[in-house]
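Multiple structures are listed underneath, in structure tokens.
Next come two complexes, and both contain chain A; in the first it sits with chain B, in the second with chain C.
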Partner chain A sequence: MSHLAIAPVLLPLLAGILLLLLRHGDIRLRRALSVAAVVAEIGLAVALLLAVSGGEILVYALGDWPAPYGIVLVADRLSAWLVLTTALLALFALLHALRGIDVAGRHFHVLFQLQLFGLAGAFLTGDLFNLFVFFEVLLLASYGLMLHGGGRARTRAGLHYVVLNLAGSTLFLFAVGTLYGVTGTLNMADLARQVAAVPADNVPVVRAAGLLLFGVFALKAALLPLHLWLPAAYAQASAPAAALFAIMTKVGAYAILRVSTLMFGAGAGPLADLLGGWLLPLALATLVVGMLGAVASTRLRAQVAYLVVASAGSLLTAFGLNTADSIAAGLYYLPHTTFAAAALFLISDAIAGRRGELADRFEPGPALPAHALLGGLFFVAAVAMAGLPPLSGFLGKFLLLRAALDHPWWPWVLGTVLAGSLLGLIALARSGSLLFYRARPAEGAPPPRQAGLTAELAPFAGLLLLGVGLTVAAGPLSDYARATAEQILQPYHYVHAVLGGGER
Partner chain B sequence: MEALLALMIGVLTACGVYLALRARAFPVVLGLTYLSYAVNLFLFAMGRLSIGRPPVIDAAAAGYTDPVPQALVLTAIVISFAMTAFVIMLALKARAELGNDHVDGRES
Partner chain C sequence: MTPRSILLARAVPPLYWLMLAAAAWILLRGHNEPGGGFIGGLVAVAASAAVAIVLGEAAARRRMPRPPLELAVLGVLLAGLAGLPGALAGQPYLTHLWWGVDLGIAELKLSTVMLFDLGVFCAVWGTLTAYLLALLPEAAKEEGT
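This part shows the complex of A and B:
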């Protein structure tokens, strides 16, 4: 049994504990340790990706208790893809935080590592209750990161975020309890078998539990009408935390994809295609509402947060179409939209820091120092986020639209995605021109922050380069996404790897 | 026994939902606590109710009760305990910083 499947989960946990023990130590040591842990996490994620890229499914039985009695970690192509995306995003969010935000409150690095622990665990676990536990770990760390730095507006947004997620956790437990009561198992592979063979009397109970589960995941994924918490929370969090949170909605999308293909996929008998009529219309509505919110925003951070809602809508549209092509398009689009949203959060922090009192509000102010560089980079990030050529967002949307052509609802999908892109373009063009072109002449006082622009923008540029990498390597990466989609649409392999024929 | 337990879970859930929808932080926290009590009882009942049966192997036992829900409830209790502590601290912080305990941070 290879230990590779558990390594990306353990590393951030151990790093977080070590950082907690060193909490009174030198800040430079803690920073170096934190960065080293994230770099090592990237290495492990790459190793995991290479190990599963041939279609193998790594199963790790904790304590060597055989499934379904023990808890298993399962690494397939989908898990490895998301763990790598998380680790890459984390590196650049952390590099941005090293410029002083990490000492604005206590335990930033500890919480950051524990957040990575929760994220990696949620992507790799093969047990439904374990998924709940990892959700709680990543949420508890995110509460701390969200409130990091303090402030009235942040506390108010944080209270809403925490209360809403606590209610979501309670619903998750109700759903898990119901599924256990009917099927007698919590192992996701075993659940896939039991759900397909559930007696007719219990079908409505399992259906209710399944839909409750999707309600919880929709809350995390910010699917309409459960998206209302996101804009306030993300707009108020500190920039590196908001950048890391760009992956948090993807956890919900991942859980929806995993549970709907594995447990309620085509082989689930009377419960097959449980989400059928729900996911696609809600995802399209989320896309529209997110883009309208972006157009109506009065602050740059709020606008980016609404764009995150819209990108969750695009992603779930791809998953809702539920074909190998569309899921592949969604999986290719997922890292792109994560990196682009994080890049926009980081650059809006750089812009807000140079506008003094105005911060990131859309009001004309004095010309920014180094406005050509900042404006140019903002333009590139906006192009990435709006999904224009030549960057990877365009390829993702193109793949999505091409996959939608086979679906009976294709006019709705095409119309909504294209209109949504246009709205996003208008919103970003308006904010760009307001921030950079409609400048008032400076009124004597020198701009507050000048130095270190290049160093400050390095993490941002790194995220953009990842986007460029996604474009350049579009061939192999979209092949990988396609293979991933085919793998998860055949849950037999997953079930067989976990339950049948022992360990691999 | 089943009817009594179902009734209790229902009453706790109803009280929890009602309180969680209030506008002040304190009733909201109480409501979330009631909801977590309800879900703990619910999880416990999912292993079926039985009296006088051990969950672990015992030579003298006539039958066993399902140990898994008990482990789940234990985990859920620990997590909800930690979350309640956190949300109480956060509500106190919001009360101090915003000047009142309205969940939106403003009176009326």
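This part shows the complex of A and C:
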């Protein structure tokens, strides 16, 4: 019995409980435990990825209750890819937090581990209600992390975030309840079978439930017009929390991809291609709105948050094109954009901390200490985020554009993605030149040498190196993404692995 | 909480134990009949709430076996660990094991489900009481103004 499919879910849960028991203990012990748990999570994620890379689908029936009656965890290439992305991102976000942010409020490490628990669970579960539960776990943890450190603006942004997500969760429950009422199952593989065989009378009901479900996922993924919560929330959260939240929109994108390919894919009979005409135009509009927001931002953190919205747009454009090539491009682009956004959140924290009262507002201020190093790293991160060569963002966008050429809407896709990239470039070039070039000479004595700048930037550099790794290993990784896309476009294998049996 | 009712103040301590006994009964019968850790835990919370409202939150806190938050954590830990014996025996996590103990007059059924349910019981009792005890003083303050 291999426990590989559940290990990445259990590990952060146990680490979180232990950290809660040790909450009055030595902070060094808690930090060491938290980092050790995340490092072990990376190890487990790599092992899981290797185990499924050959195309196997690991099914883990909790409590030995067989599907569709019990709850199963299902690890395929897509799940493993996202779990690994999450674990890598978490390590660097956590390392940044160790520089003091973790003690600015209570229970940072506990919440961080529980957030990982929710994320890993959401990626690995094969049950729709269980997906709801893991969404709740990761949201509850994110409410705590969002408000970590307190402050007026953060609390206000956090309140919006909490209220919107509570509304989203309620709708999620309505959709799940409706689907259960019609089909009598919540196992995703079983739903895939039942949805395809829904009697004609019930087709409109299932359609409504499916669209409601996508509405909820679109809220999490920050798809237009449900993206409005994101910029304020991400711009106000503490830097490590915002960096970790870079994966949160991807949970929504993952859920859209999983449910649309598995339950409402080509084999779903009258409900096939439920999202057909919706996803692509909305995703393109999201891309444009995100980039316009980035150009109009008056603060660096808000700008990065809008770039996260735009990257959600790019990602969902890739998923909306709905071909093996485009989904593969999106999956290759996903870790890149996550790491690049997190890196920008971390460096904007480093920049804001050195500008005194001005923080990260776009106003000319005194020259930054170590501006060459900070500016250089900001430049690299901006290049990564904007998708310029030679970094992996360029490859991702290139693959996306190439995949779009076969689609009837290709002029729209090409035009929007390229114009969006240009807007992003303008926004980042403007903010970089304002922060680093239009600086007044420092008044009076030069500021004291900032000790520990290299240590502070290490997590940031680590994230950039991950981006470089994505570029260097682009061959095998894009092959993996391609194999993943082909696997999820043939949901028969998933259904067969979970439920067994030959007929579909 | 003024004016105090002497009847309530006298009745609540024995009532507390009675309600806990009911909670334990609900917890145990949950094996094969309606009940279980979650509902039993809620009844235990009601017991703590009765004490907290009538005798004050300090009195309720004193009567808990452990501080509320700690009780909740231990409960989650217990529930989590209850899934491990099955996994160690080569079956999926949360596969529960059962042992029958023959007592002569009846058979006593022991299982890891029992531990799991006890964990849920403690988690519910601890979490909700922690909320309650944190919010009661706020409510009292608002009443006072």
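Definition applied: the second predicted complex is superposed on the first by the 494 of 504 C-alpha atoms of A that agree within 3 Å, B and C clash if a C-alpha of one lies under 4 Å from a C-alpha of the other, contacts with A are read in each partner's own complex, and residues count from 1 in each chain.
Everything that follows uses one rule, which is that a residue touches a chain if its C-beta (ideal position, glycine included) is under 8 Å from a C-beta of that chain, and two chains touch if they have at least 3 such contacts.
Note that this is a predicted model, so its numbers are computed, not measured.
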Q: With the two complexes superposed on chain A, say which partner A:21 touches: chain B (first), chain C (second), both, or neither.
A: second
Q: Considering only touches as defined above, state whether A:159 meets chain B (first), chain C (second), both or neither.
A: first
**Q.** First (chain B), second (chain C), both or neither touched by A:288
**A.** neither
Q.
In this superposition, which partner touches a larger number of chain A residues, chain B or chain C?
A. B
Q: Go through the superposed model and pick first if A:169 touches only chain B, second if only chain C, both, or neither.
A: first
Q: Name the contact category of A:388: first (chain B only), second (chain C only), both, or neither.
A: neither
Q.
So in the superposed three-chain picture, is A:10 touching just chain B, just chain C, both, or none of them (first/second/both/neither)?
A. second
Q.
Which partner chains sit in contact with A:60 here, chain B, chain C, both or neither? Use first/second/both/neither.
A. second
Q | Intersection of the chain A residues that touch chain B with those that touch chain C | A | none
Q: Mind listing the chain A positions that touch chain C in their complex?
A: 1, 3, 6, 10, 13-14, 17, 20-21, 60-64
Q: Report the residues of chain B in contact with chain A in the complex, numbered from low to high.
A: 20, 25, 28, 32, 35-36, 38-39, 42-43, 45-47, 68-69, 72, 75-76, 79-80, 82-83, 86-87, 90-91, 93-94, 97-98, 103-105
**Q.** chain A-touching residues of chain C, taken from the complex the two chains share
**A.** 69-70, 73-74, 76-77, 80, 83, 86-87, 90-96
Q | chain B partner contacts - residues on chain A that touch it in the complex | A | 129, 133, 136, 140, 143, 147, 152, 155-156, 158-160, 162-163, 166-167, 169-170, 173-174, 176-178, 180-181, 186
